[in-house]
C-alpha cells in the first residue's frame, strides 16, 4: 500500500493549484447563482476576455514604460479590474435586465449565446493566432518539505482563498451581502424592504466578472499559450461548482480544489498503478459528481431550497 | 467496309479530340477553382488562418508567373469548426454550389474521414488532407483512390523516434505522453509497431486536448524511470511537461512529434527546452533547400508578419506544391480523372519542400520518411538525414 | 388542461405533408446544386426527430437535458454495430436501437428522480462527456477516436444510397415521429407530463407516480433520439466522437427554445430555422460581408449566430411558434387590437 | 393620504384592475374585501410599484408615485406586508429584521427598532438566530409585520395577514393590527376574513373582478344585503338553505 502513495504529496499540492483555478471559476458561477439564480455559462468566456484584456494592457503599458517591470503588471491588473467592473455593468444590462422575468431555461440559453458571442468577438478582435502571455512571477519555484510549487500556482491558491474569505464575510456579515441573499431568496419581497434590487443585480454581475477577470489574469501565464480555447475550462469548473453545492461560497472553493486533486491524482498515481484508470481520466470528475449527487442531491455544502407550492 | 472503318476512326478521333477539350467543373478559360475546408471557428482556428495564408502565398507566386497552363488558381475556404458534420456540409457546398475542381487540404482526421462518401459519390479528388493519420493513405478504405495524402503518419513518426532513441541508447526506457484522440491513437499504433520490433515496452500516459496541467503524467514518467519521453502534443504540452520536469528535478531527454516543431516551443520552454528533439516530414523552413529558400524569399517579399511565419504557414506553402503539380499534370484541359492519373505518375518527385515523393495506383501516401531536428540555442537544427 | 399554446385548427397539415414530399422536386427544378440543399434538409429532418423527443422531455415534462447528443451518439453507434458487425437487417435495427437508447435514457433518468433543474441539466451534460469517453474506450467495436464507417441503409431490399432517397426516408420517419409525439401530447400521458412540469407537488397530490412518469419521459425521449441516431449513422456513412460534441446538445435545446418550449410544431420549426440559418443563411450573408469587411469568416459566422440567438431570446421568448400564434390572433382581431398587447 | 384614480393594471394580456379608484385618509384603517382573484393583492402591488399600472394615477401625500420604482416608494414611507408573508426563509430572524431596516443607514437605529420589535413579539427574540423558514406560520406572520415596521412606515399595507393561520392566531393578529392603528399608523388592509376585518375598519371597499363594487363605512356595508349575502353568509340563499335543512 505504501508504494501506491509514494510521491502523492506532490500530486496533491499540484492538484490544489489546478483546483484553485476551477475554484475561482466556480466562485464566479456561484456569485451570480446566489443572487439571481442564473447559471452563467459564459463565466469561462469572461475569464478568457479578462486574460486577453490583461495581455493587451501589459503590452500597452510595457510599450509605454519601455520594458516589463512590476509597475507594468500592477497597472495592467488595475486596468483589468476597472474593465471587469464596467464589463459587469454591461452584462447586467444586456443579459440580466431584459430576462429578469423569463424562465430559467431562456436565461441559460442567453448566457450560452453570450458565451458564443464573447468567444467569437474576442477572436475577431485579437485574431486567431495564440498569444504568449508573460507572468510577473517568471518561472520561479519554491521547494518546501519535498514538494515543489511554482510561485504562480501559489499566487493562484492564495488568491482563491482570499477571494473566498472576502466574499464569505461579505455575504454573511455586511448589509449589502445579506441584501443579496435576501434578493436571491425572494426578489419581490426584497423590493418591498426598499432593497434596490436592480443595483443588487448589477453589483453581483460586477463581482462575478471581477472574479472571472482576476482568474483569467492569473491563469493565462499558466496556460503557456493564450487562445480562445481557454474558455473551455469553464466547462470543467461546472462539476466543481455543483459538487460544492451551487450557491455555497466555501463549497465552490472546496469543490474546485477537490476536483483538481482528484484529477491530478487519477492522472498520476492512480493511472500509474491501475492501467484502466487512463480510460476514464477525463471523465472521473463527472463520475464523482454524479455519485455525490445521487447521495446528496444538493451537493456537499448546498442547502436544500425551501419550495413554495 | 473501308468507308465504315474510316468513319468509325474519324468519329473516334473527333470524339477523342472533343473529350480532350472537355474539362471538369471548376475550370474556366482563365481560372481553376479549388476548395479548401479549414477550421476557422473551432479549437484549431489558428491553423485555419495560417495554412490557407501559406497556400495563398504560393498560389499568388504561381499565378504571378502566369498560373497553371495559363489559368489562375483560385482557392475558396470554408469553415468546419472541427465538426465533421459541418465539414460534410462545406464539402457539398463547395462541390455542388461553388463547383470546385478539386478539394484540397481538408483539416482534421474526422472531418476528412467524414467526406469520404462524398468523394466517392462525386469523384472529386482530395489533395493533401491536413492530417497525419495514416488511415488517410490506407488504400483499402472507401474513396481511397481519390485521396492523395502528403503528411507522414504519426505512427511512422513515433516509430522513427523510438528507433532513433534505441540506436543511441539501447538501454533506454521510453515513455510516451499521447493526446487522448485520433492523434494519440495513431501515435500509439506506431508505438505498438516499435514495441514489437524491438521487444521493449513503452510507458504510456494520456492527456486531454486542452489540458493545462501535466504533473501527474510527468510524475509517472519519473516513477517509471523513463530516460526518454516522447510527447505527442502541439505547443503547450511539450513546454509544460519540460518545465514541470525541470521544477520537480526529473531529468530525461524529451522528444516530440510533428506539431511540436513550432518556434514557440523553443521560445516558451527556454532553457528547459534546450536539446528537445522532434521529427518533421518536410524540409524545415530554416534550411537551405530550394523550397525553404523560396519560402523565406516570398515571406520577405510579401511582408508576412513574424508571428505568422513558422510551421503551419510553411505547411500551407509546402502542400500547395503538390496541388499545383497535380494541376500541371492534369494537362491543358484538366479533368479530375486526368489530375489523379497525373499525380499517380509521380516517381521520386523532388518538390523542394518535401523529400522525394512517389504516388502510384497502390500507394497514395506521399511522404514516407521524416527528418529529426533538435532545438539548439532556440533554433531547430537537423541532426539526421531522411529516415523511415 | 391544455399545452402552452392552443394548437387546434391546423387543417392545413395534410397540405404541408404533401409540400414536404414535393419540395425536393421543386428544388431540383430550381437549382442544379439541389443535392447540397437536400443534405441540409436531411440533417434538419434527423434533428427534428430528436428535438421533438427532447421537447417531450424538456418542454412538456420540464426536465432539462444537455445530454441529447449523447443519446444520438448511442443510437448511431448501436445501429452501426448491430447492422455492420452483428449483421442485423436495417429494419430490425430501426426497432431495436430506439429501445436500447430508451433504456439508456432510463439510466440517466434515474438520477433525475433526485436531481432537478439546473443540476439535472449539468448532470446530463456530464453524461454526454461520459458517453463520448466510453465510445472511445470500446474501440474494438466503435473504432475509437478514429471514427466508424457505416453501411448504407437498406429498407425492404431497396438500398437508400443518395441524398435524394435519404430525403424521402428521413422525412417519412420524421412525419411519423411528429404524429406520434402529437398523439402522446394529446393523450393522458401528455397531460400527466405537463402536470409534473407545472407543479410536482400538485401532481403528486393528485396521485401521480412522479418517479414512474419521469422515467417514462426519459425513456420516450431516448427512443426518439435513438431513432434519429439510426438515421444519422446510415445516412452519413461515417460517425465519430467529434460529431457528438457537447455543443450539439446545446444546439438541440436552442432549437426547442427558438421554436417555442412546450409545442411539438415549435420544436419542428425551431430545428428547421436553426439548421437552415447556421448552414445556409449565415454563410450567404458571410460571403458578402467578409468580401467588403475583411473579417475572419469563421468567427464572424459564430458571432452572428450568437447574436441572433440572444436577440431571439430577449425579444421573442415565446419562440417562433408563439410568434406565429400571436400573428394569427392579431389578424383575427385585426381592427380591434388593444394597444401594446402584441409587442 | 393615498389616492388612486382610475388605475388599470395588466398581467401580460390579462387586465387585472378595471379602473380602480380609492382613497385612504390619514389615521384611517381602510379595508379592501373581495373574493379570490378579485384583484385585491394587485391593488397593493400597484401601490408599491411591484407592477406598473397602465392607466390612472396614484398619489401619496400629494406626490405622484405610479411611475416610481418600488424602493423609492418604500422610502416615502409605505410599508407592505405581502401575501403569504414572504419572509426570507434562508435568512435568520435577525437578518430578516435587518433587511426590513435596509434603508436605515445607522446601525444604532436598526438595533433600537429591533429591540422594539422584540418587545412587541417576545417570541421573535427567542428565535432571533434561527432560520426564519423553520418557524410556524404565526411566528412568520409576526416576523413579516415587524419586518415591515422596521422603517416606521406612515402607511402600512397588509395583505391577508390571517391567511393560513389558526383562528386563535387570527385573533392575535387582528389585535396587533388594532394596536398599531391606535398607535397612529395608517393601514390599508386586504382581507377575506370579512367579519374580523370590518369590525376594526373605519372604511371598506368591496372588490369584484377588478372593479370597486361597493364602498362605505362598517355600518353602511353591513346594511347592504349583497355584502351580507356574499361575504357574511347571511344572504337569502343561506336563509333558503336553512329552510331546507330545518
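Chains here go by letter, A, B, C and D, matching the order in which they are written, and residues are numbered from 1 within each.
Operating definition for what follows: a residue touches a chain if its C-beta (ideal position, glycine included) is under 8 Å from a C-beta of that chain, and two chains touch if they have at least 3 such contacts.
Being a predicted model, the structure only gives us computed values, none of them experimental.
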**Neighbouring chains common to subunit C and subunit D, by label** = A
**Prompt:** Going by the average position of its CA atoms, which chain sits the greatest distance from subunit D?
**Reply:** B
**Asked** Rounded to the nearest whole Å, what is the centre-to-centre distance of subunit A and subunit C, using the mean of the C-alpha atoms as each centre?
**Response** 32
**Message:** Roughly how far is subunit B from subunit D, centre to centre by C-alpha average, rounded to an integer in Å?
**Reply:** 76
**Message:** Rounded to a whole Å, what is the gap between the Cα centroids of subunit B and subunit C?
**Reply:** 36
**Residue list for subunit D, restricted to those that touch at least two other chains** = none
**Asked** Which residues of subunit A are in contact with two or more other chains?
**Response** 120, 123, 127-128, 282
**Prompt:** Considering subunit C alone, which of its residues make contact with at least two other chains?
**Reply:** 136, 296, 299, 301-302
**Fill in**
The subunit A residues in contact with subunit C across the complex are 33, 39, 94, 98-99, 102-106, 108-110, 112-117, 119-121, 123-124, 127-128, 235, 238-239, 242, 246, 279-280, 282-283, 286-287, 289-290, 293-294, 297-299, 307, 309
**Contact footprint of subunit A on subunit D as seen in their complex** = 48-50, 69-71, 74-75, 79-80, 82, 84, 86-91, 95-96, 98-100, 102-103, 133, 147-148, 151
**Request:** Could you please specify the touching residues of subunit A with respect to subunit D in the complex?
**Result:** 175, 178-179, 181-182, 185-186, 188-198, 303, 305-306, 308
**Item:** subunit C partner contacts - residues on subunit B that touch it in the complex
**Value:** 38-42, 45, 48-49, 77, 79, 81-86, 88-89, 92-93, 95-97, 99, 108-111, 113-114, 116-117, 121, 133, 135, 141-142, 180-182, 184-185
**Request:** Show which residues of subunit B lie in contact with subunit A when the two form their complex.
**Result:** 40-41, 43, 45-46, 48-50, 180, 204-208, 210, 212-213, 215-217, 219-220, 222-224, 235-236, 239-240, 243, 247-249, 264, 267-268, 270, 307-308
